[in-house]
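One structure is given below, encoded as structure tokens.
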Amino acid sequence: MMKEYQLIVVGGGPAGLAAACKAYESGLRDILIIERDKEAGGILNQCIHNGFGLHYFKEELTGPEYAGRFIDSVRETSAEVLLDTMVLQVTEGDGGVKLVHCVGAKDGYQILRAKTVVLSMGCRERTRGAIGIPGARPAGVFTAGAAQRYLNMEGYMVGRRVVILGSGDIGLIMARRMTLEGAKVLACVEVMPYSGGLTRNIVQCLEDYGIPLYLSHTIVDVVGRERVERVVVAKVDENRRPIPGTEMTFDCDTILLSVGLIPENELTRGAGITMDPRTNGAVVYENMETSLPGVFACGNVVHVHDLVDFVTQESQRAGAAAARHVLEGAADAEGAISVETGGAVGYTVPQKIRVGNLPGKTCDLFFRVRRIFGDSVIRVTAENGEVIAQYPREHMAPGEMEHIMLPKVRLEKAGGKITVSAEEKEENAQ
Amino acid sequence: MTQITCILCPKGCRLKVDEENDYKVTGYSCEKGKAYGRDELMHPVRVVTSTVRAEGGAHRRCPVKTNGSIPRDKMFDAMRLLDGIVLESPVKRGQVVVKDILGTGIDFVATRDL
Amino acid sequence: MYDCIIIGCGIIGAAAAYELSKYRLNVAVLEKGNDVAMGTTRANSAIIHAGYDPEPGTVMARLNVEGNRLAAELAGKLDIPYKAVGSLVLAFDETDLGTIQHLYENGVANGVPDIRLLSAEETLAMEPHLSREVKGALYAPSAGIVSPWEYALALAETAVRNGVELHLDSDVTAIEALPEGGWRLATSSGVYEAKAVINAAGVHSDAVHNLAVKPDFKIIPNRGEYYLLDKSEGTRVSHVIFQCPSAVGKGVLVSPTIHGNLIVGPNAEDVGDGDNTACTASGLEFVMNTARRSVPDINFRDSIRNFAGVRAVSDQPDFIIQEAAPRFIDLAGIKSPGLSAAPAIAIEAAGMLEKSGIALEKKDSFIDERRRVRFSELTPEEKNELIKENPLYGRVICRCETVTEGEIVAALHTPIPPRSVDGVKRRVNAGMGRCQGGFCGPRVVEILSREGKVPPTEVLQDGVGTNLLTGETKMGGRE
């Protein structure tokens, strides 16, 4: 009989590393982390800028430093790390054992057995095809993350004169990196009337270098036969349609796309796990367990986070829950409260709460709003319409994740579902 | 009078700083913001992160950072100091790569093992 | 002096090269691009049509039906991804019902096998996601889906394996009739001479013709724009779904691709420039709206790529297959169903060469097979065997399509090795998936650089001049 792991973690990025460490701390010993790259750390290895860890470590670290601390922590546990190995499939075997099918140069194709699995594969970048940018298709159009890998890990410039489409954080960070390395970043173009990135990145990556940010603008044409030669940018109306007559042309050789991230859930779908179309991730319970008992998910594979610190915390919950599943048995799935969204709340994680399974007195709930809010309030309503919790906020934006802690005592009386909504306070409602 | 965006919290207050009038700050909504506006105009500082060439390791570049903030107007000069450097593996996280950048007392240090 | 020079290595040139490589002939192919299948062949609907569209009696009708039969045979021999999924032409009103009746009669006259008319109920039973507005359909089970670039590549590769010379980066700039018969061709890679020339230059076939002979036709390049959707949409339909053809073409189709995606398109727009493969907002919007008439619930949010191809439509109603001058054969104006007809067109061309006095003697040693490893399609045991032999097959480079380093390195050792990231994509599918090369692009660049012994800055995205990287950082002022 082949070895059966207590836990197999799929993906050795920040989520997987934190989940494995916490599972060890919670009592598991036979833990395997499977990572497709040649080293652990995931996308943090190429995020060489600082700004990580302010919440979790209370100090400002770069991506590699943040990853390095967790890689060191894993080394102090009994967890094994299998590098350069790609998981192709997760299936269920007899008696609820999980079968992890993976392939690597060293060990070939193997089917590994585990009592529990943590899915932490992260996310991928939205591409040109996903947003339908018209025009020619010459070389020189990169997703910001791909350009970041070339620049920071391999030491190559992807261009000299750059226009960035989308104001996501990776795009903003790349504007600064490429400028510091001698490129000219001509503009950052955002179709929405607000930026998708953090304010500090707008200031320190664009404003510091005099790079203009065009809100409510988009690329309407790409010109160039071999390599990008120029792009045409136009203002858009409230329906995001280009307004004729507002075109501006930029002579550039490169376009970087920072137009969103999509959780990478092919394995999750393949395992038949229930998905949430709002997050593009699995539907999860309060302990990050998916619809398949014993399979947990955490990090950007569940929903795209704004800060890695929150990935860490979420993954620790998943790691602890996997340990509890192994050591104390499966959680009782009866009587889960379903969390609905209302009033400009885009999604919530978790989507389901089993009150009896909460380890503490509160339940962490994360979500994003779909527009900018000023002075406002987050309301949580029980099934009977009664407001069971309220949280004031001075400011909310789609670029930032919101976090509330729901008291267990309130949830116990909430009925079969609760609704999370956000509203501007009366006095400043427009 | 200069307008800047406060970065201390997600609200992003638009601060106005009057250089002519002892760097008086308006538009803030907290004391921290007021101080930020003044500092940002009087002596703005930044942490700089970049890479240097590396040989013998898993990657051709090793990431580095300034281990403290340096004046914003020294960023490009600081970058130039990294240009000719080649690190040999093994590199340890925290290893000093450039000592005392432009007399600031701040060092460039490696941010990963390589 | 070659016996025959073929100008252009799209599907038509490749098919001609394959056909001629069966004979004891000295053949060269001159291709202006840095790879085969760089024109219309790489950007089209990827359909092997059944053959009910062309009017009976046309060259198109005859060669389409014959080409369809040959495609199935070649796919087996040369390991070309191909599947006869069948096609449906939908009728939405009385006029359309008349049209599909007419197409049915065409099909019967053209010899299309097993073609039949379906009621609305039968149609919807076969394709539950179709619009409820459907009133009936024409069903042709012999229509198929194919990887057009691998089709051309397989033919060209087999030709090269059988002795045909392929000269890439060879743009023909002048053609001169030799006094003693035959032709001299000046190209960007040197001068070539041949007893006979086959013009398979696609959208540029009129220009090539005009270098040698007095003008007698004109190509009117016609662009079609497409959506390619994620595999999550790949089973939305299981047949090729057409609407009734109009004067401008076969209209917008919705079809599974042989790689498991969904393809939607094309529109049809005359463009002056045969190399203008840009997409337009209005064209894509037209395609989306028109396709929804057939399949209302296509989820266009799952689009992974837009592209456009230019068809070599000519001012003639039929294909232009002619000996324009002694031993100068045009295979021109090969619009749709050109991909379907290609192998039949090639046989036609060989026949014309023979008639012109070039003897066709079969080779004894003709290699008529080709195989390549498709790692993702192997069983676990086969995967393990392969990795044991060569660990590079254990390293997955393209996550979306599960393509291994072993497959990429193997492609680099084929008779026509890829010279670019897109060349690798056309051979092994790396970068074809939902992340569109975001993750594997840098790793493919690394492999091309390592295996080709060139610096990464010289690695190309696609054609000459499409360098991905512009320089190195931290070179201490050195560039």
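So that you can tell them apart, the chains are marked A, B and C in the order they are listed, and the count of residues begins at 1 in each.
The rule is simple: contacts are C-beta pairs under 8 Å (C-beta built on N, C-alpha and C of every residue); 3 or more make two chains touch, one makes a residue touch a chain.
Nothing here was measured: the structure is a model prediction, and the numbers come from that model.
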Would you say A-C or A-B is joined by more C-beta pairs in contact?
A-C
Measuring between mean CA coordinates, which chain is farthest from chain B?
C
Chain whose Cα centroid lies nearest the overall Cα centroid:
A
Just the number, please: Cα centre separation of chain B and chain C in whole Å.
53
Hey, how far is the Cα centre of chain A from the one of chain B, in Å?
26
Just how far, in Å, is the C-alpha centre of chain C from the one of chain A?
38
Residues in chain A with touches to at least two other chains are numbered 154-155, 181
Chain B: which residues touch two or more other chains?
51, 53, 61
Out of chain C, which residues touch more than one other chain, so two or more?
473-474
Per the contact definition, I'd like the list of chain B residues that touch chain A in the complex.
4-7, 9-12, 29, 46-51, 53, 58-61, 63, 65, 72, 75-76, 79, 93, 111-113
Quick one: which bits of chain A touch chain C in the complex? Just the residue numbers, please.
36, 84, 86, 88, 101, 103-109, 111, 124-125, 127-130, 132, 134-140, 143, 145-146, 149-151, 154-160, 181, 220-222, 225-227, 242, 253, 266, 269
Which part of chain C faces chain B closely enough to touch in the complex?
473-477
Write out the stretch or stretches of chain A touching chain B in their complex.
38-39, 45, 48-50, 60, 62-65, 67-68, 152-155, 177, 180-181, 198-200, 202-204, 207-208, 394-397, 400
Using the touch definition from the top, list the residues of chain B that touch chain C in their complex.
51-53, 61, 82-85
